[in-house]
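Before anything else, here's the structure in question.
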Amino acid sequence: MLPGAGADRGAADYALVGAPLDASTSFRPGARFGPRRVRQFGQQFDDYDHRTDQHFTDCSVYDHGDIGPTADVAEYLTFLQGTLSDFDSEGAVPLLVGGEHTVSVAGVRALDPDVFVCLDAHLDLRESYAGDEYSHATVTRHALSVADEAMVLGARTGSETEWDRANEDDVTVVPPEDVADWTPGFDDQQVYLSVDIDAADPGFAPGTGTPEPFGLEPRELHDVVRAVAPHAVGFDVVEVNDRDDGQTATLAAKLLRAFVFAHADQR
Amino acid sequence: MLPGAGADRGAADYALVGAPLDASTSFRPGARFGPRRVRQFGQQFDDYDHRTDQHFTDCSVYDHGDIGPTADVAEYLTFLQGTLSDFDSEGAVPLLVGGEHTVSVAGVRALDPDVFVCLDAHLDLRESYAGDEYSHATVTRHALSVADEAMVLGARTGSETEWDRANEDDVTVVPPEDVADWTPGFDDQQVYLSVDIDAADPGFAPGTGTPEPFGLEPRELHDVVRAVAPHAVGFDVVEVNDRDDGQTATLAAKLLRAFVFAHADQR
Amino acid sequence: MLPGAGADRGAADYALVGAPLDASTSFRPGARFGPRRVRQFGQQFDDYDHRTDQHFTDCSVYDHGDIGPTADVAEYLTFLQGTLSDFDSEGAVPLLVGGEHTVSVAGVRALDPDVFVCLDAHLDLRESYAGDEYSHATVTRHALSVADEAMVLGARTGSETEWDRANEDDVTVVPPEDVADWTPGFDDQQVYLSVDIDAADPGFAPGTGTPEPFGLEPRELHDVVRAVAPHAVGFDVVEVNDRDDGQTATLAAKLLRAFVFAHADQR
Amino acid sequence: MLPGAGADRGAADYALVGAPLDASTSFRPGARFGPRRVRQFGQQFDDYDHRTDQHFTDCSVYDHGDIGPTADVAEYLTFLQGTLSDFDSEGAVPLLVGGEHTVSVAGVRALDPDVFVCLDAHLDLRESYAGDEYSHATVTRHALSVADEAMVLGARTGSETEWDRANEDDVTVVPPEDVADWTPGFDDQQVYLSVDIDAADPGFAPGTGTPEPFGLEPRELHDVVRAVAPHAVGFDVVEVNDRDDGQTATLAAKLLRAFVFAHADQR
Amino acid sequence: MLPGAGADRGAADYALVGAPLDASTSFRPGARFGPRRVRQFGQQFDDYDHRTDQHFTDCSVYDHGDIGPTADVAEYLTFLQGTLSDFDSEGAVPLLVGGEHTVSVAGVRALDPDVFVCLDAHLDLRESYAGDEYSHATVTRHALSVADEAMVLGARTGSETEWDRANEDDVTVVPPEDVADWTPGFDDQQVYLSVDIDAADPGFAPGTGTPEPFGLEPRELHDVVRAVAPHAVGFDVVEVNDRDDGQTATLAAKLLRAFVFAHADQR
Amino acid sequence: MLPGAGADRGAADYALVGAPLDASTSFRPGARFGPRRVRQFGQQFDDYDHRTDQHFTDCSVYDHGDIGPTADVAEYLTFLQGTLSDFDSEGAVPLLVGGEHTVSVAGVRALDPDVFVCLDAHLDLRESYAGDEYSHATVTRHALSVADEAMVLGARTGSETEWDRANEDDVTVVPPEDVADWTPGFDDQQVYLSVDIDAADPGFAPGTGTPEPFGLEPRELHDVVRAVAPHAVGFDVVEVNDRDDGQTATLAAKLLRAFVFAHADQR
């Protein structure tokens, strides 16, 4: 259980679900240990958040535990989507902890947002990767089957085809150097916020599957999470693995909490 | 390239193929780094083998490099099988380096042995695992579709169904405590020898996907490899990952060389 | 939760309690991560045990979670003792997972055995260590306040005073080289079995607070655990930390399961 | 010995004391290895400091070695305070290397400053933590028993009670984003400077007991150390452990040297 | 082979050479693993570079493999120089991957540039170090035997003698805080660009032999590499070792690719 | 200082000297950290040795610290030899802690034994290696320039030329499987005992430069050290590096102590 996430399911405003999928990681595997690491490195934080004057234990977060992957990824996503939809129906905002980025597909399908906002080094706009239509590199593409538009903040790499796709009207790419100045303008749109931890520079998040230099600073991720949270109907943080000294999971756990504090603050 | 494996393909007596499959590892992933690790930790050995009075560089080993997995494991195995069959036709004994144990299925299919001899902590006699018919836990089962019989040396765990299957006439299980006294009696049978490095005790091979205590000592593996090699038409060493300080890859690389020396010695 | 330990408290035959005390470790700290590591590295094992023809999930093990230490160790031990006594009253055999060896004091006090059997590199017969009467080096001494006699298997080091104390009639020391030949003769005595993982040679268990060379092989620990289990009213495995590649926790988790299988087999 | 700290005690202007206390670390232990790590990772630096045109070996630093903790922390702090007072009387500025932050209590008590300046992610203003009045989370509170005021630079987290306490007149909190613009105005006040390395972002200092994201950059710590040093009567750097690749100890060792160079430059 | 570096030697525009020299590393050895690490961590990058609209596989890079050191460093440098000269004659720009910084001496001698531009924490202007005239700390000094001038970007430490030498007309030192504003003005001068990865802050590049805090951010290195590349006749990246979680090699591999993209873009 | 090695030089019976040479390590460097590691992992042992009824602190061991290498290895060995000769003249038995095996050359030259007894996986009988006459692979050859004969216990690999040399009358090779039954018969010969830690199986000593499987168990090394010690005029333990979790240094430190206890016991 994530420390402080002791709410009962029935009464919860937020529902944390671990999704340790680790099937398509192309370089360094270990995303399956993400939920475990995030819970472990989320235990040393103060319960109190000075910025919003709230306690995490008062935010009514329920930890549902992990939903273990099966060999058929499509089936797994369907099952995961079902669980997240249930939480949505029950009035609890899902907090999904990956696992590889692919799990966001379940989140987006369950919550049907208007906008998919993603912090990511990668465009993830492929149709498939290495013959796999559910590769982590296809997430934003899948999201656009559901959402009207996608915004990828911190993106700095992709295939030529992905960049072409990113030029279309329904995709906004904010390169790392412009993220600090980015502000959301969502009006009444419902947003799904996905944090691929590789958006951060590898100096801050080396424990991830496909690290990409020249990324965001932690405070930039923090600012985006807090700015987007009030508009969000769902959240995930993904691509944390166990191949570092804990920096990555510490950052991920903190961003998850920052989401909850900022979201709860505007309820 | 494995140091010393500098033969040309046409002239080679042995053909090393890396098969970095890492799809079904159920616990600790990283088998994809096995070929890299084995090549790296195989570089500090003396070229000369005192026991057989041979030099590794004289054993005519060709290093074919790695054959990278694709998303469809069945397809991958078929392709891998084709490559290994080619080497067999060319007169080169395949030396397969995993990757997860599943790659042995390609080896067995390519070489069509009479007997499948396997050093393994696990029976690997499942029909499928977690919905995956090509899980690493199904290898011996697949091998029995090709070979007449299977011998699993060092086995100490399996499901109840696997142990039932192991009781049938075509399977011989030699528990760890009896391996030291085991001697092969193959007559003219052709043997495929598969070394799942988790046959060794985790103290000697911690860098593997599903470590299982109470295993073999390195010298016991060594003795088996040397005893079986003269009868072998193919060899693999699998389930080495990068999650240790190199012990596991060092042992695997040494066993591979021991196979070559013992096999070449009786040519 | 330890995989397979899904019994409800009321119906359980065994009750696992994590005790992440890490206060007196004199050399390498991290015993606090022992329960987490044992649960993590206990997840890849087969449910079925061939030796006793049982499934772990049928052994009715309840995982109570961890009881977190407080600053006052004496108070903590009293609280822990209370919990273990409760389980004992409820008919569930406690399975304590340390944390440092000091937690065994709570186990012994709760279960009031006739004999304290301990696998340990160290005598742990000090009155105090570095001014601390609850140091991990005092465990056997504390146990002798409760039990009539103590047996330390695999012991190979201690202070001169400890060795003098070990010469008295109520202590039996079995040095590592004699453990393989040791057999218990307990008649109707009730036994508490404590496994300090440093009994094993550091090659097999490097992840512990005070590693001591020239120790036991894993199979020797295994044999002792299975031989003693039928006589045991309580069990613990302690001194596992997170400073290795998982070998130590894997061994500890396996020994805990071996205890359950052997104990349940004679019920 | 810290390289370059070869002065004799009688003639020294600075006295380095290792204080490997590791008793109350609440999350990741290992602060006991801080002095060892700082000395090890302080050995590759050039002796010469271009900024102040000084050599470290000319700065007259004496390395007193470590003062090993005893089980009673209050007693240990009293002993440590005595040693530091002796150095102060002898005209040597103490350079304390932790160990956990608690050791600063001994430093402050020995040197009786007017102002306690602290680089820290945490307010450390608790009365006690987990029942421990000498927890690392109480340091600033203890310091305020001695000093007239406390300034915590880089603080970003604390309990609600700590933030309330921080609102009182004798505490100044400078959040991370304002540290770059902070300048000291100490007049003739005597200052004690304490560097809790977790003030730095975990990307730069992952090897610490309670990492907290969104922290300072190394240059910001550097600027504070150099600005405060001329006013300082004592210095410490604490909370470095051995759970990283050396980044944290390298930074800590460099900051300690920067303190010496800046302090010596104004003598 | 570096992924994407599949050009044939005869047709190549760039020739990558690994130079795993690890003889004079004064603190943490392992630079010999630099070429291996750079190739490994260079495999997860997209082939396409959006900034220059090029594919790496189209840039015609040939990977020559490693040239293994011999005991006599002077001889080794001569041999390495010969190889690099050959590539230069063949019209391929050498891309040297260290190994310790000393290998740059071979690069500079082979290519005879007008200007030696170096990203480095250290001045490397010693005549010798620890009695070794080919120490990594002498590289810029050796370069000045060939080039007319040297520019050291990001330098923050050196001996007093080195700083004196740096004051002469043929050396320009740009301290870390000024690198962001630095722009090259090379006219028609031929430049050799050497990237000692320790120019980066240890938070971003902990895996190096002599880490030095208060260094550059990855984007600053990136900007320099792209600005200098169009003027360069040769390139190296050095001092990457294997003592981290991959951050350093990832950054180095990315900078090497950035060099190729920027250089090819202006061809 | 090695814990317990607090004797003054003048009064010492044993003199420990660290020799962190790390020049010729052909595979994994880090032997330079051997003395540091041995001292660190030698600190958790009990002072008392039950087997010989002695305290280490009573054995009169002086720790001289390290003698740092210079670039010219021949010069370094001469200087080191001088220091060791001085200790010999003063009546203190040298205890040399490497560093690479090459440092034994200084030990043998200083002490001029009749017999060189070496625990080693390697014959170390080369004339030179990679052009280096002072490679670690030449140690036994150098020793035979001084001693009348050499015995290599646990040797299992070497070049063909080395094995030929080993066949001559002045060399005895005891393969690993025969070491348990080996007993010395030295009469009045003076012996130098050198422990290359790679004699142990890599499962027990992974932290070494050139690990070689199928080696000795720790108890076998222990027995040899105790059997030879009474005849020894000098001792070293070498080839420990920092690339493991401490197993190797723990074993090395214990063997060094075992030597002292056994030697002192017969004085």
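Order of writing sets the labels: A, B, C, D, E and F. Residues in every chain begin at 1.
Just so it is clear, contacts are C-beta pairs under 8 Å (C-beta built on N, C-alpha and C of every residue); 3 or more make two chains touch, one makes a residue touch a chain.
All values derive from a computational prediction rather than experimental measurement.
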Quick one: which chains contact chain A and chain C both? B, D
Over half of the residue-numbered contact pairs in common: that is the test. Which of C-D, D-E or A-B passes it against A-E? D-E
Fitted rotation between chain D and its twin chain E in degrees, CA, nearest 5: 120
Between B-F and C-D, flag the pair that has more C-beta pairs in contact. B-F
Of the other chains, whose C-alpha centre is the longest way from the centre of chain B? D
Furthest chain, CA centroid comparison against chain A: F
Which integer distance in Å separates the CA centroid of chain B from that of chain D? 54
Go ahead and note the Å separation of the Cα centroids belonging to chain C and chain F. 37
Distance between the centres, which are taken as Cα means, of chain F and chain E, whole angstrom: 39
Which chain F residues sit where two or more other chains touch them? 201, 203-204, 244-245
Any two chains that touch count here, so list every such pair. A-B, A-D, A-E, B-C, B-F, C-D, C-F, D-E, E-F
Mind listing the chain B positions that touch chain F in their complex? 41, 43-48, 50, 53, 55, 201, 203-205, 218-219, 222, 244-247, 250-251, 254-255
Contact set on chain D toward chain A in their complex: 26-28, 122, 156-160, 163, 177, 201-204, 206-207, 209-214, 243-245
Residues of chain C defined as touching chain D within the complex: 22-25, 29-30, 32, 70-72, 130-132, 135
